[in-house]
Amino acid sequence: MTMLGSYLTLAAVLFCLGLYGVLTKRNAIIVLLSIELMLNAVNLNLVAFAKYGINASLRGQVFSLFTMTVAAAEAAVGIAVLISLYRRRATVNVDEYDELRR
Amino acid sequence: MLEDIPVLSILTFLPLLGTLITLLLPQSRVRFIRGTAIAFTFLPLLLAIALYVSYEPIVGGGAFAEKLTWLSIPLNTEAGLADKGATSYRLLFDYRMGVDGLSLPLVLLTGAVASMASLASVYIRKRWKLYYALFLLLQTGMYGVFLARDLTLFFIFFELTLIPMFFLIGIWGYFGREQAANRFLVYNGLGSAFMLLAFLILIATAGFSATETASGTTLSFSGSYEVLLANLADPNAAVNQDSIMYLSDNLKWTAFILLVIAFGIKLPIFPFHTWMLKVHAEAAPPVVMIHSGILLKMGAYGLLRFGAFLLPGQLQSWAPVLATLGVINIVYGAILACAQKEFKLVLAYSSISHMGIVLLGIASLNEAGFEGAVFQSVSHGLISALLFLIVGSLHERAETTRIDELGGLASVVPFTSGILLTAGLASLGLPGLSGFVGEFLSFLGLFDSYPWLVAVGVLGLLFAAVYVLRSVLSMTYGPLPDRFAAIRDVRFVEALPMIALTALIVLLGVYPALMTDMMSHSFDGLLKLLQSKVGG
Amino acid sequence: MQRFWNDPVSWGHAGIYLLGAIAILAVVIVFVTYAIYFERKVIGWMQYRKGPNRTGPLGLLQTVADVAKLLIKEDTIPAKADKALFILAPALAFVPSFLVLAIIPYGLNLQFADLNVGFLYYVALSGITTIAIILGGWSSNNKYALLGGMRSAAQMISYEVPLVLSVVGIAMMTESLNLREIVIHQEGYFWHWNFLPQIIGFAVFVVAAISELNRTPFDLPEAESELVAGYHVEYSGFRFAFFMLTEYIYVYAIACLATILFLGGWNPPAPQLDFIPGLLWFALKFAFIVFFLFWIRATLPRLRVDQLMGMAWKVLLPLAILNIFLTALGIEWWGKGG
Amino acid sequence: MEKYANQYVIVTIFLVLGIVFPIVVLQIGKLLRPSKPNTEKETTYESGNEPVGDSQIRFNVRYYLYALMFVIFDVETVFLYPWAVAYKQLGLFALFEMVVFVGLLLVGLIYAWRKKVFQWNSI
Amino acid sequence: MQALQTLTWNDTWYLAPEIVLAAFTIALALLDLSLPRRIDRDIIGWGAVLGLVTAGVFVGWHIHDLGAWEKAGESPFRNLLDGSYRVDDFGNLLKLVFLGASALIVLASLGTVKKEEVPIKGEFYYLVLPAVLGAMVMASSGDLITLFIGMELLGIASYILVGVRKSSGLSGEAAFKYVVTGGTASAFVLYGMSFLYGATGSTRLSGIAQSIGDAVEGSKALVYVAFFLMIVGFALKLALAPFHAWAPDVYQGAPTPVTSFLGVVAKAAAFAMLYRLFVNTALYAYADTAQVREDLFLALAVLAAAAMIVGVAGALRQQNAKRLLALSGVANAGILLVPLTLDITSFHSSLFSEFIYYLLAYVFMNVGAFAVLTVVSRETGSEELSGFAGLYHRAPWTAAAMTALICSLAGLPVTGGFFGKLFILFGTVQTKQYWLAAILLFTTVVSYYLYFSFIRQMFMRSGDTERQTKVPMATGLVVWICAIASVALGVLPKPILEWVDGLFSVSLDFLSR
């Protein structure tokens, strides 16, 4: 079980890094990347559980396939939105996306 | 004859019909709209009078009671009611109407004041159609409040008065009307929230009943007043702690305090009164007539109906507190009324003072006190309606109602001045006018229970003499400012309600039995309960 | 190497693997050296000229001399370049190209690593080279280089999609992605080889593969006439050599892959011919593919950039998808056995 | 299990060799080659012209669009390959399902086509 | 290892609503692409409405079938794909709500969405369909993976919908914020799901339900972590306080119909998923899990309370109608969450009826209010509250309808909002969660002030113009449907509740496999 523990720890570290990035980074692209990082942490978790968890089965791996796919789609849409936003604002600094706050 | 038709429902929903008709009429036909509205205001009054005539105190309101299952909401039965042998499990909101000696006077008052207010609505200068539609809708709410015999139904009618009143204050009032409307809404909303919480606590515990039918046992929670009354009075319910009916003392206390706050805001009791001053000062005169004349009484009615009847034990323990609050109201209202320069505010504070008397009556826990409370409510309703009618009339002409700006009105508007004087005297409790009877009965009741409080309370009445006489006399006598020289006395359409209201005040003053007779027996059950509590 | 696979891992084995890897590196370097020579010769031949013929007998040492020159040539790094990335890029390009060689089976018993996801491994690793090319283009801080790098990236990712999809049909027929099993599945006469049943897939694969290699007619990224030399304008000396090396290793890898996937790997065209060693068959097919690549280069003109991208998405991708469903229908039609 | 361990040892050895080789070769080259940098040599090459401005400019948005398209279709293969490998066991209905899946993606392709994503009108 | 259960032709019948939506999406997308530029894209909108209605018909058909099976003594649900998809009354009822609400929203936007505002109108219409499809998948999944896919399908489609006003920087900004929060929320939910999978060894809800008792015994911490991470994720999705900060921004920036879609369908779908995850996992079934359940539900209740308070308090200061409605949505999400947090006791198990009734009321009042808002903002060009000034003079009937909707939002009798709140309150009182009831009531009263600010504007102020407001036919229709339904729900809640009670049952829809 120590294997599982170390995988989970790594995943937790990745997840927290991602979360930290989402919350603190100013560059919109890095924010999107941080979200991907969080999702990858989840993948790691799933695969670790699929291998070392109770009732080890392929389900976790299948789940992680879906997660990857969806993460890709989400990233695609995220970037597309960002491009369209960039065309209007000419900046990727999230601090400057503040027209809505009044 | 009245027994055979659902007279209470007709009475309640006639104004609603009026609303619909008014809405369908074209906006330009002002006279037609006004006529419809007045007609649909007077029709319920006539019905109420008919009701009064055929009401027999011994029988109580049973003859007119209406009962209809309105909503029978299924509750999910799966989580383990099978062991109780239930085949059906529901939440019931009945449509129950009923009338008794407690509500009948208030229904009559509603009819009378609303009719007069409808006549006085000549002061309204804009958007008649909407005004009359809302005015009629408000009446449905008010009748409903006094006639409903189901907690949820009561609540619905109570809230139903809120919306039209909000509009009536907010659209047709004076300069600060929107603020007044907001305050009215939030305070009364808050009150209704407390009330609803208390009601739900009662329904979810004491409202539980099991009925055997052919198809099996039906378990139900009901908001029906009768069911609650029976369950709460059932001594067995309190003993058996396992029963779902069991209402722990803590919960009872919670419910009672919630109710006191809820109706205290409406009444209003001292710390919750600020919203009402604003409404009195800013709303249009006919609206204030309704507000001061009827809506405030809903607080007294609710306190009696739900506080006293459903939770007599708690009332008994809290009577000293209520009595003290009542005295504070009286004295506080009276003292501040003395200091006001605006006549509308004098009246507002005097209302607070008079509502203190109602509270005293309730707190005295005996028949005289209860009757006094109801009588005072009715009498104050009539008097304040009259006074605000006069205010409207004066404001129409002089465009001010500040005491220091007016004076010598007796010479230019003698009729109005005469009525004003009469109303003022009634307000300060001159024997022979209705105000006296209410005050007398309340104090009489209280004297039995808390004689020393009476002494303080009566002190408040002395202040009443001061502020009434000071303001009324300084308005009617003294030098007449030049700019008022040209004003004319009332038109017929204004004089009519004034005379009618005055006549009623005098009538009740000289012949109080008109009202007290029908109240007798209504409090019998409650008094018996109270005595058994005192004895046990 | 197969006989070590089922033994426990040990340092001894690792040593053997290392020797094998060094051997294959040597083979590849020799291949690259002579592929370049061969290419120049072939093109020269096709263009009625001689090609290199001065250095060494028949010019055989020409490329060796070129490499030696590159080795001792001064290595300049532009002042404006991002130094770290500039140095990293050629190495990053080379590493995956070398890594993909680990999985190629040359014969039934001649293979380093036998992965169940063999083809995906190839695709995944070769994708990394794209990053190296962008890095090279970007870090040079040169307009030609940047454009070349970006074009190259766009082209490579565009053509990767049809490339990957074109192989799906084979995966369906073989029920595996293991390269060895794919070859084994093609045993028998040459019409059992995948290039016939998968003719559309084969066509798409070849076109996409040439484009992946950034070779003419798809060599837009380094189009001499437009971009001087594309992403490696600023590279010189051995850093440049690594880019070249990478490109030719991929030629090698793709040729191997085409052989394995479509041309039956080490299988002889008819079972009767199996007295000739499989490795030789493999080498023959491999050599044909390599020749074919040079042939194309000599024959076809370069595409325009808009035609290039349009071709990937508008022609090859639909064709590849069509191929998948035709294969599926074929399997339904002719039964699951075939 | 052993088999897999060995496979990855091999891959790791290739990786290490792949990294070591360039380093070693470049180090050897360093010993052999001359190094006499001057500013002329280190200027950016622009066919002999003086370089103007910075080169690390923002590039055309089109490249992003291709990247997006790639992401979508590349990920499609994540599902295509397992399906393809298992196709013979899955049967005709699986084909139908895949037709639906790929059909949806083709709609995306047509969309991009119609929206002129593939029209390359500048560098 | 179970045998692989694949989809069969038979199953397509149970998936008919979903398939219809997917087919309509494709067809409309292709139609949009093939039609020449000059043709008005409203036709796509009508197509979308048709698709939604068709899917709704199929759902209705299924409900009917399920009812017939129940009468015949069969189990009234169907498990597809080895239980990873589930056709039951819970899902079907919610699907009806999603479809109906979306149809109303699309209908309302027909005619009010201007080409200048949303340059790609066609896309706007047909992207609603996959979003609804995602919501439907969420409502009827029996597996973590399917739930997640549904969530993301809805999420991704709505990211695009939010940003569909390409010419507006506000829209883009809102979309970006939504992508970031949505992505983060998904990550949290997924992370929680991964732990749930780790703790129970299964992704099937039924499998989780079977082994959650052991899981709690084995590693309580894992279960707690799993559920709390999911709670955080859902709180973000639902914009529950303190995770609500994005909601006003996103709602304001999105085109108004989309705002309404997010407020209604996206939220309801998240609730559907919450029910699946928290009730289906049968935390009720084991003695070991009682403690976990209580802690989780307390956490949810605190979130609900916080949402109600913060939503109302935040909305008090808003001058922008959309932001105001967004924050009111936060408060309403809190209210909708309340039934879920109530214990199932022997006297109280009607949590779903309470939920779906208020949801229904919420759908009507919210969609209606947003429809009126589109009319007003189209006329005055502003989404501020002051745009409503004098609406009574400009469009008295619309103002009247809006008043009914406002009453429902505020929870005044006799409207759907009132009864919805009343049932929820009754549930809280039955389970003795008095504090929750008190907070609900208190925030409701404060919200009177909030909602009546619309009425103040409409009736008590005068606008810049006295010109009659033009109400497009479809939008007017929606406004009136919503207003009348809001009132009707208040006057006659019984038929719907009887119907729901007859169809839905905790044991069959949530707990049986």
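Letters A, B, C, D and E mark the chains as written, and numbering starts fresh at 1 in each.
Convention: a contact is a pair of C-beta atoms (placed from the backbone, for glycine too) under 8 Å apart; a residue touches a chain by one contact, two chains touch by 3 or more.
Chain labels with UniProt names: A = NADH-quinone oxidoreductase subunit K; B = NADH-quinone oxidoreductase subunit M; C = NADH-quinone oxidoreductase subunit H; D = NADH-quinone oxidoreductase subunit A; E = NADH-quinone oxidoreductase subunit N.
Model, not experiment: these values are computed from the prediction.
Colleague: Can you list the groups of chains that still touch once subunit E is no longer counted?
Modeller: So the groups, subunit E excluded, read A, C, D | B.
Colleague: Shared touching chains for subunit A and subunit C?
Modeller: D
Colleague: Minimal path length between subunit A and subunit B through chains that touch?
Modeller: 2
Colleague: Of every pair of chains, which is linked by the largest number of C-beta contacts?
Modeller: Of all chain pairs, the one joined by the most C-beta contacts is C-D.
Colleague: On a CA-centroid basis, which chain has its centre farthest from subunit B's?
Modeller: Chain C.
Colleague: Grab the C-alpha centre of each chain and report whichever is closest to the global C-alpha centre.
Modeller: Per-chain C-alpha centroids ranked by distance to the global centroid put E first.
Colleague: Once you find the CA centre of subunit D and the CA centre of subunit E, what distance in Å lies between them?
Modeller: Using C-alpha averages as centres, the distance is 41 Å.
Colleague: Between subunit C and subunit E, what distance separates the C-alpha centroids? Give it in angstrom.
Modeller: Computed from C-alpha means, the inter-chain centre distance equals 52 Å.
Colleague: Can you work out the whole-Å distance between the CA centroids of subunit C and subunit D?
Modeller: 14
Colleague: Mind pulling the subunit D residues that touch 2 or more other chains?
Modeller: Correct list: 67, 74.
Colleague: Among the residues of subunit A, pick out those that touch two or more other chains and give their numbers.
Modeller: Each of 73, 80 in subunit A touches at least two other chains.
Colleague: Find every residue in subunit E that makes contact with two or more other chains and list them.
Modeller: Within subunit E, no residue contacts more than one other chain.
Colleague: I'd like to see which chains touch which, written out pair by pair.
Modeller: A-D, A-E, B-E, C-D, D-E
Colleague: Would you pull the subunit E residues touching subunit B in the complex into a rising list?
Modeller: Where subunit E meets subunit B, its residues are 344-353, 392, 407, 412-414, 418, 422-423, 425-426, 429-430, 434, 437-438, 441-442, 444-446, 448-449, 452, 455-456, 459-460, 493-494, 497-498, 501-502, 504-507.
Colleague: In their complex, what parts of subunit D are in touch with subunit C?
Modeller: 2-3, 5-11, 13-15, 17-19, 21-23, 25-26, 28-30, 32-37, 39, 41-47, 51, 54-57, 59-60, 62-63, 66-67, 69-70, 73-74, 77, 80-81, 84-88, 92, 95, 98-99, 102, 106, 109, 112-113, 118-121, 123
Colleague: Can you check the complex and tell me which residues of subunit A touch subunit E?
Modeller: 8, 11, 15, 18-19, 22, 28, 31-32, 35, 38-39, 41-42, 45-46, 48-49, 53-57, 59-60, 62-63, 66-67, 70, 73-74, 77-78, 80-82, 84-85, 88-89, 94, 97, 99-102
Colleague: Across the complex, what residues on subunit E touch subunit D?
Modeller: 6-9, 22, 26, 29-30, 33
Colleague: Using the touch definition up top, name the residues of subunit C that touch subunit D in the complex.
Modeller: Checking each residue of subunit C against subunit D gives 1, 4-9, 13-14, 17-18, 21-22, 25, 71-80, 90-91, 94-96, 98-99, 101-103, 112-115, 120, 138, 140-147, 150, 153-154, 157-158, 160-161, 164-165, 168-169, 171-172, 175-177, 228, 233-234, 237-239, 242, 305-306, 309-310, 313-314, 317-318, 321, 324-325, 328-329, 331-332, 336.
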